[in-house]
C-alpha cells in the first residue's frame, strides 16, 4: 500500500514534468492544431541551451530559462515564418513534414556541436530531496511541477483572458473572418508558435535535469506528448496537466504492483477506453451542431 | 395516417428548449411548409427527423415505422433526404463527383462499380444544367459561389431520388429567378409523387408553393393551415411576420 | 493527356528493368527498400489519403506481418528458398485479421483522437512483441531462414516481389479511386456526417479501407522480415515507419494516386544515400532534414498537387493571353494575406 | 465618389472572375448589387476589402488607391465587410464574437459602450451572450455577424447578403438599421438576392452578370427594367415580397 | 562466393564497418569508431598489415537495420573493402552478419554479443569480447565468496528488456539464488522506458542489500539519481554498463563522490596487463585527450577486433576471407581484453570477466584477486 502511494506521488510529480514538456505543445498542437513532430527535438534543444549556460556561465537552471525562453521564442518565429506559413492547404497535416524536417536538422546540428555523449543538467536540487511524512520528495520534480502549473496558468490567462488570446482563437476558427475584423493573422500565428516553442525551453530544462540526454533522445518523447494533449482535450490546458499526471500515475502504479513491462500497455489501454467514451478528451469540447 | 409523423418531440440543450412537444404531420404527396422565427427549432426538428440529433422525448414515424433515433444513413435508406441550411457539400470533390455521391447506391457492391455510369452522369448533368452550374462540373465544389453551393446541394438531393425531401432554406442566397425555377421543379416532382417539407423565410416562395404551412415558435407549433389561413393568423403575424 | 498509358508503361518497364540495368547489389538493396516503402505508402494512402483519417499505427501491421512470417517459418520449418514468398499473402491476411478489431474500435473516433488511438494501438502491439516471449522471444528477436543465394542474385526476388506488391497496391488504389466505393471514401474525407446522410455506409467503408491497407502493409512487413532475416521488436514495430510513410505520402501528395510513390522514390533513396555519404561527417541528418524542408518550401502542397496546380495556372494564363484579348499586364503575385484556394487542386477529376 | 473601381480584373487560381469591372459608390449612398449566382458580386466585395488582390485595374477610396492592400490596412481606412458565408467563430461565445468586431479599437470604454448598444438593439445577442456562437440557429448566427460589424463605426460597409436566413421581422430590423446608418452619414455597398428588398432601400442599383457590370442606375431604373426583372429579379414586378420596406 | 576485395596488393587495405552516429545507439557509436581508429593508427605506425597501410571505410548506420544492410552491401560491392568489422549492438550485428555471410566475409566484432547473434547458424561472426551472459558471473562469485557475516541476504534485480543486458542479469540471479541470496525484487522493463522512478521505488521498497541492474548509461544514472533522492543505500550496486563510461558516467551522476563503491563488470580496464593495452591507452589519451579513466570499454572492444584480425591475417599472410574465417575458428589470439578463442558459434571462450569498482574517482579492478589492484569496498559507502 505504502509502495502504491509512493508510486502515485512519484507519478504526480513526474506528471508535472511531462506537463511542462507538453506545455508548448498545448499551443502548437492543442490550439493551433499543428502536429509538431519536432516537439521532442525542441525539448532536447532547450535542454542543450540550458546545458551550455550551465557549463559556460554557471547559470542556475531556472535563471537560464530567462535566456533560453526568449531565444527559443525567436527560433519559433523563424520556423513559423520560414516553414509553417507557406503551407496553404492541409497545413495541419503538412506540418508533420515540416516539423519533422526541422527536428532532423536540429538533431543533426546538435550532434555536430555536442557529439552524442550523454549529458545531464546538474544543480543542487537535481539530486536533493526533502522529507514529508517519511517519504522523500525530490526538489527538481516539485519545482518542475510548480513551474508547469505556473506556465499553464499563464498560458490559460493568455489564451482565454486576453485580446491576443481571443484573436488567436478566432483565427483558428475562421481565418477569413478573422482577417475581416482586422486580426493580423500572420503575426498572431507566428507569435503563438513562438510562444509554444519558448515554453518548450522550460520543458527541456525539466527533461535535462531528470534524464540523461543526447541529441537522439527525443524519439521516445513525442508520441507520449501528443497523447497527453489529446487525452486532456485539444486546447484544454488544465486537461494537459491532468492527463500527464494520470498517465504517469497509471504507469507508475502499474509498474510497482504488476510490472514495468505492462505499465505502458495498461496506460494505453486506459487511454483507448477513455477516448472511446469521450472522443473529445477529458476536458475537450464537442464540435458544434450540425445545421 | 400521415407519411411522416412527428409526435411530441422535445429537445433541450442545457437551458434552451429547442423543441417542446412539437407535433407535425407531413402528408404524402403534399408540399408542407415550415416557418417560424429564427431560433424557433426548425433546423433542430430536421436534425431529429434525419437522425443527426436524438430527441429527449417523442417519436418520429415514417409510413408507420418508427424511425426515432435511427442513424442518418438508415433514415436516408428509408427514403428521406434533406439539405442543410448552412450548405454542406463535399468541398474537395468536383461538382460532378458531388452529384455522384448522392446518386443512389444500391447494395454494398460499390467497390466493384465504377464511380459513374453513363446513366448517372447524364442525370447529374441534366440537374446541374437545370440549376445552371453544369459548366462548373469539373471544379472542386469549394470554389463555387455561395449560391452555387446552395444550388449544388439542391441538385444533389434531387439526384438521390428520395420519397420525402426536407429542404432547409433552399432559396436563401439564390437568385429570385432561379428561386422561381426551383419552385417549379419542386411542384413538378411533387406531381410525380415526391413529398416535401420546406423551411424557408422567403414568404413569397413558401406561400406560392406550399399546400399547408406549419408555423413554429419557441419549439412548438403555433399554427397550421393553408398559406392564406396562416398568413392572416394573428399569432403568426405577431411572432413571425410582424406588421 | 492521351499519352498517359504510354507514360505508365514506360515507367513500368523502367521499374522492371532497373535491377538488370543496374545490377549492383547496393543499388538493388536501396531499390528493394524503396519499393517496400513505396508500396506501404500507397497502401497507407488507400486508407489515410482517401478517407482523410491520419493513421499513425500501421507499423503495428508491418510488425504483425513480419512476426507472422518469422513464426510460421519457425513452426513449419519453411526452407530458405522461394517458399516464404508464397507465404506473404497469408501474412497479409493475418495482419488484416488483426486490423479488423483494431479498426472497429479506432474508427469510432475521428481527427486527432483517431491519430492518438492508432499511436496507442501501435505501442500496445510493440509492447506485446516484447512481452509475449512464448511466441516472439521478446527482445531476443527471431531469425528467419537465410537463403544461400549469391550476393549478386540475392536482391532480385525481393525486388520483384516488392514491385509486384507495389503494382498490386497501386492497382487496388486506382480501382478504388475510380469506384463508387472510393467516391464514398472521398466524401467521408470531406464531410463524414453529410456522407452518412446521403447513404454512404461510412462505418464499413472506412473499415474496409483500413483492412485493405493493413493487408498490404502486413505483406510488406513479411517481405521485409525475410529480406533482413532477423527481426527484433523495435525494428519490426518501428514508430518511425509510420512517420516515414506519412512523410512520403504527404510529400508526394496525399489522396493522389502516384503521390505516395513519388514521395517514397524521393525520400527513401535520399535517406539511404545521405546516411552512406554524409553519415560519417555528421551532416546526414542536417542534409536530409534540409532536403525535406526545401522540397516542402518549393512544393508546399505536395509534389503532385502543386505541379497540377501550376499546370492549371499556366494553361489558364496562356488562355488569358491568347491573341483576341488585349494582353493584360502580368498578374500581380498572389497577396500573401489572401488565401487562394487551389484551382482544380485535387482529384483525377475532369480527366475521366 | 467614395469608392471607385476601374477596369478591375480579378480571379482565383487560374481564371479571371471579374473581367473589367467599373463601379462607383457615392458617398453617403446605399448601393445595391444584384445579379445571378456566380456573377462575381461577392468577388467584387472581396477585392474591395482586400481578401483578394485584383490582377489589374484600379480601386480608389476617397481618391486614394487601395488595390493590393491587405484586409487589415483596408479595415483601418474605415471599410468593413460582412462576408456572405457564415463566419461566426463557433467555439467562442456570442459576446466574444461581437466584442471581437472591435478588434481594431483600443478604447475599452468605447468598446463596452458599443457592445451595450448592440446588445440593446438585438435581444438575441444579449440573451445568448454567453452561449457558444456555433450553437445558435443559422439566422441567429447571421445576426451576430451583423452585430459584430456594428462594433466598428466604419465609413463604408460592405454587406454580402444581409437578408439571408433572417426571418421577416428580423430582416426588417436589420434593413432599418442599414437605413439608419446611411442617414448617419455612412456609405453602404450591399449585395442582395432578395433583390426587391435590397433595391428598395438603395439609392443606386448595379446589375452584374458574368463578371461584368451589366446595368447601373437609380434603383427605380433597375427595378423597372423589364429585361433585368425577368432575368434576375424573378419576373413579374407586382409580386414584390411583403418584406420590402420602401 | 569467396572474398571479394581489391586485388591490388600495393594500395592500402580497406576495412569497412558502420557505426551508429545517429539514432538510438548513437551514444556508443563514437567510442566504437575511436577504437577502430586507434587500432588502425597503431598498425599503420608500425608498418601496416602485411606491409600495407590500413584505411578505414566508416559509414553511419543510423541505428537502423535497413541502413546497416545497405551500408554493408555498399562496403562489399561498391567500396570493395578487403575486410569487414562489426557495428555496435546485437540488434545491428545480426543483419550485418547476414550480408557479410552472403559474400563470404568474416564479421569480427566486439559489441554484438547477445545470444541471438550466435544462434542463426552463421559461421562468419566472431565476437572478441566476453560472452554477454557471463559478464556478471564475476560479481556473483565475489558476492558468494564474501564471509557469511558480510554476505547479503537479499538482492534486487532490474533490467532493460534488451538482448545484451537481460541474459547477464538472469544468469547472475540464478547463481546468487543458488548461493542462498534471496531475490527481493526482479523486474524487466521496456527499453523505451523514460521514467525510471517507479522501478527505483520498487527496488527501494524491496529493501534489498545488493542491487543488480541490467542497464546502459541513461537508465543507471536515473536509478542512482533516484536512490540519492530517496536516501537509499544498498550495500552493493552493480550495473552491466554505464559505470564503465568514465567521465561521461561521472558527469551524469554528479561527480566522482557519487560513484564511490559502484561496481561494473567488464572484460577490460585501462591498467589491464594485456598485449597492446598500454599502447592503446597511451594512444587514446594522446589523440582524444582526457585520462585513461575516460576510455569507454567500447573503445577496447573495437580495438580488440582489430588486433585479432591482425593476428589471423598475418598468420594467413593473406586477406582471403575464407581463410580468415577458418583461422579465426581454429586459432588462439590475444587482445587488449586478454585471450581470445572462438567456439564454433563465434563466441569468445577464453575471455575473463573482471569486476571493477569506482574508488576515489577511479575505476579499479577488484576481482578476481589475480587482477585486482585494490580490495573491493563493501559495503558501498552512503551517497554523498
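Before moving on, here are some points about what is shown:
First chain written, first letter: the chains are A, B, C, D and E, and each begins at residue 1.
Going forward, a contact is a pair of C-beta atoms (placed from the backbone, for glycine too) under 8 Å apart; a residue touches a chain by one contact, two chains touch by 3 or more.
What you see is a predicted model, and the numbers here were worked out from it, not measured in a lab.
Chains making contact with chain C as well as with chain D: A, B. Listed by label, the chains touching chain A and chain E alike are C. Counting C-beta pairs in contact, the pair that comes out ahead of the other among B-C and A-D is B-C.
A straight line joining the Cα centres of chain A and chain B is 46 Å long.
Note on chain placement: the centre of chain D and the centre of chain E lie 76 Å apart, centres being C-alpha means. For this pair, chain A with chain C, the centres built from the Cα atoms lie 30 Å apart. The centroid of the Cα atoms in chain C and the matching centroid in chain E are 38 Å apart.
Multi-chain contact residues, meaning those touching two or more other chains, occur in chain C at positions 127, 130, 193, 282, 284-285, 336-337, 340-345.
Counting partner chains per residue, chain E shows two or more touched chains at residues 21-22, 24, 161, 190, 192. Taken residue by residue, chain A touches two or more other chains at 107-108, 111, 176, 179, 219, 261, 264, 289-291, whereas all remaining positions touch fewer. Every pair of chains meeting the touch criterion is listed here: A-B, A-C, A-D, A-E, B-C, B-D, C-D, C-E. Interface residues of chain A facing chain E in the complex, by the touch rule stated above, are 2-3, 6-7, 10-11, 14, 107-108, 111, 115-120, 122, 126-129, 136, 138, 210-217, 219-221, 224, 248, 251-253, 255-256, 259-261, 263-264.
Against chain A, in their complex, chain E makes its touches with residues 21-24, 26-27, 29-30, 63, 161, 187-190, 192-195, 197-199, 201-202, 205, 217-218, 221-222, 225-226, 228-231, 248, 251-254, 258. Those residues of chain C that touch chain B in the complex are listed here as 175-176, 178-184, 186-187, 189-191, 193-202, 204-205, 208, 341-347, 349-350, 352.
For chain C in complex with chain E, the touching residues are 24-26, 29-30, 33, 127, 130, 137-141, 143, 146, 149-151, 154, 227-230, 232, 234-235, 272, 275-276, 278-280, 282, 284-285. Residues of chain A that touch chain D in their complex: 163, 166-167, 169-170, 173-174, 176-184, 285, 288-289, 291.
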